[in-house]
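Provided herewith is a single structure, encoded as structure tokens, for subsequent inquiry.
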Amino acid sequence: MIEFKNVSLVYPNGTIGLQNASAHISKGEFAFLVGQTGSGKSSFLKLINREVLPTTGEVFVNNQLTSEIRLQQVPLLRRHIGVIFQDFKLLMHKTIFENVAYVLEVTGVPAKQIPAKVSEALKLVNLWDKEDSFPEQLSGGEQQRASIARALVNHPLILLADEPTGNLDPDTSWDIMQILMKANSRGTTVIVATHNKTIVDMMRKRVIGLSGGRIAFDRERSGYLPADLEMAAREV
Amino acid sequence: MNPVYFFREVITNLRRNVLMNLASISTVTVSTIVLGLFLIATLNLGFWVQKIVDQLQIVIYLKDDVSQEQINRLYDAIKANPQVKDVEFISKQNALKRLQEKLKILIRMNDMPENPLPNSFEIKLKNSANIAAVAKELETFPGAENVKYGQNIAQKLLSLHQAVRIGGLLVVALSLICTIFIIVNTIRLTVYARRREIRIMQLVGAAFWFIRWPFILEGIMQGLLGALPAFVLVYLSYLLFVPRALHALPFIPFLPPSGILYYLLWTLLTTGIVIGGLGAFISVNKYLNYE
Amino acid sequence: MNPVYFFREVITNLRRNVLMNLASISTVTVSTIVLGLFLIATLNLGFWVQKIVDQLQIVIYLKDDVSQEQINRLYDAIKANPQVKDVEFISKQNALKRLQEKLKILIRMNDMPENPLPNSFEIKLKNSANIAAVAKELETFPGAENVKYGQNIAQKLLSLHQAVRIGGLLVVALSLICTIFIIVNTIRLTVYARRREIRIMQLVGAAFWFIRWPFILEGIMQGLLGALPAFVLVYLSYLLFVPRALHALPFIPFLPPSGILYYLLWTLLTTGIVIGGLGAFISVNKYLNYE
Amino acid sequence: MIEFKNVSLVYPNGTIGLQNASAHISKGEFAFLVGQTGSGKSSFLKLINREVLPTTGEVFVNNQLTSEIRLQQVPLLRRHIGVIFQDFKLLMHKTIFENVAYVLEVTGVPAKQIPAKVSEALKLVNLWDKEDSFPEQLSGGEQQRASIARALVNHPLILLADEPTGNLDPDTSWDIMQILMKANSRGTTVIVATHNKTIVDMMRKRVIGLSGGRIAFDRERSGYLPADLEMAAREV
């Protein structure tokens, strides 16, 4: 499903986002992406969504080499990927309903089916009562949930969640993790970049650890490894 | 592709960004008003100069010994010339009467034993630009003592006419370019203010055309909503202005408002709509990420 | 308050938002170019009509029995009139010569035993607007048989003159308003694009004036950077245009470029600068949160 | 220092931000603000910063009634309050250095002293190597730390931290909490709205619990109370 082959990402200003990272995530897998702030988690996800292209190395998504996808085809790729952005990236001039509906309109879902699907997604994240609000009228956590609803609404093949619980209380965080699990159990490949130690520890899923842009460790059924262990892992 | 969706988008966006849209729409209005005024001014100036040029005429003074029969033949010959629009015979007597009228009491009739003025033809041409050539041709006519067409003033008027035509075209072209430039810039700024949105739309999988169309339609709407009041304003002002101007300056001809109606309407509306749409297209493309 | 800080701010902002600033600066350029052209056109038209009006004159035709002494006294009396700029005596003989020249060969001299034309004075006024009143006054002079000043054409020209003056003022005022409007709108859009920044600045404790000043300075800079090239362009074009125009239309007078230099410079620059600054001020205030 | 007297906040669209909340926070105190997403934590902080005015009731900050502060005086109030915004609110067209410097320029700190102070603040949050980057070139956690540096740089009397560790890994989160503690120990009144159960539990500070805009509980030396306990507290 997703494969990184010796991927390095150097941003235009020279900052290293990712360094020689290789990893393979199969269809239907559930993986956590952990690591200190600035360690390259978001960069990892951006490479999958083709928001950036690798400087060297190859990224395959759905058996396609992202750097070879024709420009016109990029939207098609993205429609199979739901992204919960770390900074939400909601459209400020659209209501919550319209924000979620947008990804359906983009894919040409018939207008009649849209309201039902949007309501379903908003109910899932417990936000149906805010559907007519604009993002600026929501609390941080509500905006985050709107972003989650948008990522889920068209049942993508791949779900990229970048710090999806950063603005949510523990209970709501758990609810969201349940939702991601459920999507996963229906076959969606889920990658969650997170700092939430509690959740990673409890879920015992695959954990990919990043440190300074390198993959420091990659373990099945792991917990959130502390920084020094990461370091140790990197030395190896 | 769902046109209803795009239209709803556009209406909603116009409504939600009222301040921004008012700024850009009114800019379109103002700049197309200026364009419209230039257009009217140029059309009228051309019309005016044309009127003056149309008054140019060739006068053939005849020798005194030319017989009435010869005069008749000459009349027919001139009339037959395809360049000639109109020809009138002015007898010695009429010429004197005219001169007396013109100079009023200055010439004491009793001082003059005989009419010193010759017979003449006054000829108007279909196209005054050819006046010199035609005059030359008429000189060869038997019986013509002298052919005059106000060489001096005719040349002045004709070059003025030419200058007004070229200058008018230039002015309209220039103001059209200015209008286009201003509208495109304005639309670009409105798109610039929404560049983050464009980026987000791309990130959630919207195709290029799907992002572009609402912006283009919005540009078209801004152009239309801007140009329409401009047209109404300019046309109404002209409608009110012409009778007053004709009253105050009765000797200057003005094009009747109905004569400029369609010209004005199409120039302003197409400018607004086409440039609005095109400007939006160009601007969106600038922020669409082609990497 | 630290002016260095504000200047650094402005320079940095101009540099970092190149695209946006180019759009707004070039809009200022284009709209002040149009303003400049209007200004030049109006000044020249006024100049032209003034020239024509200045050629108006009053002619007093004298009775034939007026003696040379009387003529001399009359001459002095006319000359003494404070309204009169210039007076010339045209004798019968000269008048005939002129007429002959004018009508060329038309009048056969030998047909005329005696000169049918009277003596006359030709009078130019300091201000042609008073021509009717002065003519009336001169009619009472002893020996004046008739006083003429081309009542018809004079009236036409004077009302045209008036119309051009009022119309010119109106046109310049109107185009100034349009320019102001477009510049303000453009600046408003650039501020709109940064409204979130303004909000943040307020939230971290920036005083109103501290937020406003960089925007105002930036508006002034945009106005200046836009109006300066407009001035240079318009002035250079006029510099190149006048000799050509004088060559092609030698009978139409044009103001010498140096005569419009300062007029143009100050109008364009002050418009750009003042409106740029003012537009920014108004726009920032709109987004400053006064609750 | 800060006093809420029967404060209610109803947003223009009718949403209730806060309901009849009363609380007193003394000078030099350290308080956590907890509660589910949408429970009114950010609203509470916005009232202190005079970003909004109460619909009914009174908010006193520094013995001033916020609704009576003259408009020209609001910036003066805000200069005594450092805010770590939930959505960072960094100036996009300024570098990180300039963002932090801005709050010093605003208060008229002499130009010469600014670089040293900014560097100090950036070093504190371990971000000095990114001072010339623009916010968009930073990772989520780096942006958050920039926002923290900005809030701290002019040693405000009051520090309002809205979810300051939402995008930070546990280790960095602890570092940040140490920084807040240090500021507090120097006399700064600190209020932290957070979902981070671990941190609240460990710090054993005063915890004000919000639920649906009401103050559900307000305890000294408390931990992060679970939702059901909140509910129970609210019933009382």
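Read from first to last, the chains carry the letters A, B, C and D; within each, the first residue is number 1.
Heads up, the rule we're going with is that a residue touches a chain if its C-beta (ideal position, glycine included) is under 8 Å from a C-beta of that chain, and two chains touch if they have at least 3 such contacts.
Since the model is a prediction, treat every value here as computed from it, not as a measurement.
> Through how few touching steps can subunit B be joined to subunit D?
Graph distance in the chain contact network comes out at 2.
> Compared with subunit D, which chain's mean CA position is the farthest off?
B
> Using Cα averages as centroids, what's the distance between subunit A and subunit D in whole Å?
Centre separation, subunit A to subunit D: 28 Å.
> Using mean C-alpha positions as chain centres, tell me how far subunit A is from subunit C in Å, no decimals.
Here the centre of subunit C sits 67 Å away from the centre of subunit A.
> Taking each chain's centre as the mean of its CA atoms, how far is subunit C from subunit D in angstrom?
62
> Select the category (line, ring, star, complete, other) that matches the graph of chains linked by touching.
Topology of the interface graph: a ring, with each chain touching two neighbours.
> For each chain, which other chains does it touch, given as pairs?
A-B, A-D, B-C, C-D
> Hey, which residues of subunit B end up touching subunit A in the complex?
Per the touch definition, subunit B meets subunit A at residues 1-2, 4-5, 13, 16-17, 194, 196-197, 200-208, 210, 290-291.
> Going by the contact rule at the top, pick out the subunit A residues touching subunit B in the complex.
Residue list for subunit A touching subunit B: 49, 51, 53, 71-72, 75-79, 81, 83, 85, 89-93, 102-103, 105-108, 111, 150.
> In the complex, go through subunit D and note every residue touching subunit A.
Against subunit A, subunit D makes touches at 11, 13, 15, 34-38, 41-42, 86-87, 133, 137-142, 144-145, 162-163, 166-173, 195, 197-198, 224, 226-227.
> For subunit B, which residues count as touching subunit C in their complex?
19-20, 23-24, 26-27, 30-31, 33-34, 37, 61, 104-108, 111-114, 116-118, 145-146, 148, 156, 159-160, 163, 174-175, 178, 181-182, 185-186, 188-190, 192-193, 245, 248-249, 251-252, 286
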